[in-house]
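Structures are listed in the sections that come next.
Look at the two complexes coming up: chain A is in both, with chain B in one and chain C in the other.
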Partner chain A sequence: MNASAGRLSLWLLLTPFLLWITLLVLVPHLQMLRVSFQVRESWDTLAWGLEQYQNFFRESYYWRTFLRTGVMSLFTTFLTLLVAFPIAWYIARLARGRAKGLLFLACLIPFWASELVRTYGWMILLRESGVFSAWLQALGWADGPVEMLYNDVAVIIGLVYNGLLFMVVPLVTTLDGLDENLVEAGYDLGGGHLTVLREVVVPWAMPGIVSGCIVVFMLTLGSYLTPNLMGGKDSAWFTEQIFTQFITRFNWEQGAALGVLLLFLSSLIVWLGLKLSGQSLRKVMG
Partner chain B sequence: MKGSQGKKLLFTGSLVAALGVSGVVNAEELRLITWGGYAPDDVVAQFEEETGIDVKITLSNNEDMISKLRATGGAGFDLAQPSQDRIVGVQRQFNIYKPIDYGQIKTDQLQPSMVKATQAATALNGQSYGVPSVWGTSGLIVHESVADTVTDYTDLCATEVAGKVSYRLKRPTLMGFAFAMGMDPFAAYDDRDEYQSIMAKVEDTLIDCKAKVKTYWTGGDQLLSLLRTGEVVAAMAWDAGGWKLSAENPDIRFVAPASGALGWIDTFAIPRRSENEAAAYKWINFVMQPEIAARITNASGNFTASKGADEFVKADLRDAYRASFDEQAINNIKWYPPVPPGLESLEGQVLDRVQAAN
Partner chain C sequence: MITESDLSCSGLVRRFAGHAAVDHISLDVPAGTFFSILGPSGCGKTTLLRLLAGFDRPDEGDIFIRGQRMNDVAPNKRPVNMVFQHLALFPTMTVGDNIGYGLKRKKVPAAERRRCIARVLEQVGLPGLENRNPQDLSGGQRQRVALARCLVLEPTLLLLDEPLGALDLKLREQMKIELKHLQKAFGTTFVYITHDQSEAMVMSDQVAVMRNGRFDQVAPPEVLYREPATPFVAGFVGDNNRLAGKVVSVADGLASLRLEDGSVVHGRLASEGLGPGALAELYIRPESLVFTGADSPAGFSSLNARVRATLFDGANSRVEAEHLGQPIFARLPQDGSAPGLVPDAHLPLAWDPALACVFGVGSL
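Moving on, here comes the complex of A and B:
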């Protein structure tokens, strides 16, 4: 009686979660998978086939954009790690008391505004008639207006900025737990700064690094606004192509196939990353 | 066709749509999916007061309207405003609209030539699916300093203005360039091979031109700020945007290109599963009254199909219109004919290849 009541309450508690997973995650993805294998023969007849997937490999602009998106996302993730590590180190190890909270808040505050607002902020800074360009001219370092927007560097700056918080948080959490004695022991045993960083700090922070990297990589890969608004005429992003297929071209079949490929290939990259760094998803996320 | 209004509107739009669907219907209501500026607040307020019908507005653009209605099989909205060239192909393919009952439309307050044109352009199986509402053109917005250099679409690729021009990577650009290169894409609509060869030539031109474009603009606001700051001095864009800028800065103006401005007519169309058709017809007859239509023109910058609305339009807007279009430029407007299905995927591949080219 008691056991069955317990089981009932367990099921009741689980219901919202199960409904969420099934209705909003599982079913739409299965539906997308189904649509991606449908080929429009004429206006109102459909057949099963692999045409959309063949298109991806046959038309070079699809897979080239995918490759570009993947490589730039990996690079962005790496840059974010480089920028975030010193910040996280300072917050976790050096800052004390109130300063610690304030610094953490400073990282958090930009995220109270939406991605769109943050992106527009960067556009105001970088554009030809923008703030940086005006400063450079005022300082006499540039003769005319300098255009810094609408290129790949601008896109990466925007993406790194958007990913920063999601790298800093897991890093701070893991670095917080690092015992001071371990670092000291490293120095006592004759290690230099680099050796201690490589042999003691990084291995300790590895779960934080990997989980931060996964989150930032996925966010970057799936980001839409930043590449769209800050990228120039050459900077196609894969999510833009999916959006175009669904919304502009009414080609849901192709869009679904590209979506499935994005899901599959990004999972593959994350899996490879875990294998290469010798981590497991359970260790990293748990 | 007032511009892909930016992603923000689109997302807001979907949100509003989602709420609209789940909301409980109490009072009588009209769910309108339309372009920014086509349903000004004061017009909506007056309609609500006179009829007691609640108007719920979702801002959208052609592609988004079609996608939303396609997703629901024509439900979720009671009245839509697609462009007339985007109705028949979509209707045949997705069956999302129902025919217009012209008996319920006060056609005497509409310009007869436009009614005839729209009825013909939206006809399918002997019935029409659209009523003309707002029309406008795409052409060139140029700064005084380069007005002599840029007189046609292809002049956007001139070396004198390199790095200071912008256009969209969408089908109007393909059409404009084709006309400026001396071809007639509209005449080739039914000849797929001919059309493909025209598009191939346009593709080469656009790829050659790519290095000279500052950026491909994607939203109306983005374009306006590029032109306002002087970062861009010539662009392919809508007339209304150009007139808005001339009002702020007289050095910027909208010109009809030598090969002809591209003309579009946005319509009223009734989604197949509209829940309040009566309110939809009431809205159509209400906003097409000359005085109300003039208010829409004053708000959006686009002129309407309403007869006699011109005399209520703001004087400066009328002057700007006359400065851009003389008699000959008006006769030279290339009106979009209905797009046959299949062409858009062909154009899509051209646009993708231009986007991916280096």
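Moving on, here comes the complex of A and C:
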């Protein structure tokens, strides 16, 4: 009686999780995988085949965008880490009491607005008739309006900004737990700032660094709005191609194949990252 | 200035928000000495140690190490290493890498480094543990790794911040003796801070008793114990009984005190300027109290206490008695010759006045 009641409550607790995993993660992805291997022969006949994948490799525009997206995402992740680390260090180690909470809040506030609004914020700053352009002209550093939007730099700025919070939070958490004495011991035994950072702080913060990088990398790789709005003709993002296939071309089979490839790419890079940093997913995700 | 001292400080002051945590401290530590700074928590001893290590800067005063002024030298450039309270072994490195960290900073080549690490591990009694993780070691082993990590760099001065505090009692006793031997073997000057008087007494050549940012007394352990300079030292170092009274007369360095019940007792005068009529306190150690029958030895002071309980603790067994409402502890003779000590029995106690110290009340 008691045991069965326990089992029932366990199942009740698990149900939302299982529903979520099955309906929103498992089923759509399996469906996507299935669709990606279906070749439309005529309007109502489907056959199994690899045509969509062959298209991907045959059409250089596809795989070039694919590689570009991967490399730019890695670069963006690295840049986010560089920007987030000093911020996290300040919040975790130097700020005290109220200041700590306020700084954390300052990192969080932009995320109360939607990604769309944040991206438009950057567009207001960077566009030809925007704030920065006006300042440059007022200071006499530029003769005419300067267009800073619609290029890779603009895309990366937007992506770093979007990823920042997700890097800062895990870093603050790990750096918070770093014993001040370890840092002092690092200096005491003859280390300079760089040595202490490299030998003591970074190894300690590795789980936070890796978990932040994984989250930011996945967010960046899968982002659509920022590259779409801030990027130019030459800065295509792979998600835009998936969108085009599904929505514009109504070619679900091709879109599904591209989606599966993107999923494969992100899984591969995360796995490589874990292997290279000597971390395990369990340790990183706590 | 004497050149033989490894560490000398003069007039060190460190203030936090107007309060002086270290208040005009001067000290001089000869080379090869085991020097302890003993004091209750909050007396400023950790602040002093951090000034010596370079993690903090004095507001006033100078620090010299082997004659070199250290005030403006960064911690990583000082010939000083520190064993932290919680050891601060790098958890992301093996034992070997922990010890090799400092050698690497000194640009010692890899082969030489391995030899040094092996040798120092041998010296601290942990041969062959290079590849273990610090987390996998026992408390005592970790302690030794922390020592080895510093000693391998052959510092002029090794600072130790209560490193034995985290160990259990048995291990602590053992490490005390071991630390003393290691210090002699390496010949390095140790500056050890602790609030545990037994640690300071057992290991040190010199002990400084610190209170409220100042040194009350700096002396070898035995002098500290036998001739405390202040009532604080008398009460803090070892056990002591305290009897309050009024000075009746002073002669030949001996003071006579009239207690509340009218009896007169004697003790060595320990603070200056104490005249008849002054309030004073007499300190007498439990082992200096002898059990007497009806008549005490000639020249001894005596009092009549009442037994409360006997506290058996092997060689340290004591009797707890009461005199004028105040507890008095006396050490039980080792041969079991103590008279019948049933509770409420009268207990005549006597002492040699030379072994008791009399301080004026309010004298610091």
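Just so we're on the same page, the second predicted complex is superposed on the first by the 286 of 286 C-alpha atoms of A that agree within 3 Å, B and C clash if a C-alpha of one lies under 4 Å from a C-alpha of the other, contacts with A are read in each partner's own complex, and residues count from 1 in each chain.
Just so we're on the same page, a residue touches a chain if its C-beta (ideal position, glycine included) is under 8 Å from a C-beta of that chain, and two chains touch if they have at least 3 such contacts.
Keep in mind that this is a model prediction, so the values were computed, not measured.
Of the two partner chains, chain B is the only one that A:Gly232 touches; chain C does not reach it.
Contacts of A:Leu82 after superposition on the shared chain: neither chain B nor chain C is touched. In the superposition on chain A, A:Thr248 makes contact with chain B only, not with chain C.
With both structures placed on the common chain, the touch criterion links A:Pro203 to chain C but leaves chain B unconnected. Put simply, more of the residues of chain A are touched by B, taking chain B and chain C as the two choices.
In the overlay built on the shared chain, the residue A:Asp179 is in contact with chain C alone; chain B does not reach it. With both structures placed on the common chain, the touch criterion links A:Asp188 to chain C but leaves chain B unconnected. On chain B, the positions that touch chain A within their shared complex are 7-8, 63-64, 66-67, 70, 90, 92-94, 169-170, 210, 213-216, 218, 222, 229-231, 341, 344-345, 348-349, 352-353, 355-356, 358.
Against chain C, the residues of chain A that register as touching in their complex are 179, 181-182, 184-192, 195, 199-200, 203-204, 206. Residues 43-44, 59-61, 64-65, 116, 127-129, 145, 147, 150, 224-225, 228-229, 232-234, 236, 241, 244, 246-251 of chain A are the ones that touch chain B when the two sit in their complex. Against chain A, in their complex, chain C makes its touches with residues 53-55, 74-77, 80-82, 84-86, 88, 90-93, 101-102, 105-106, 149-150, 153.
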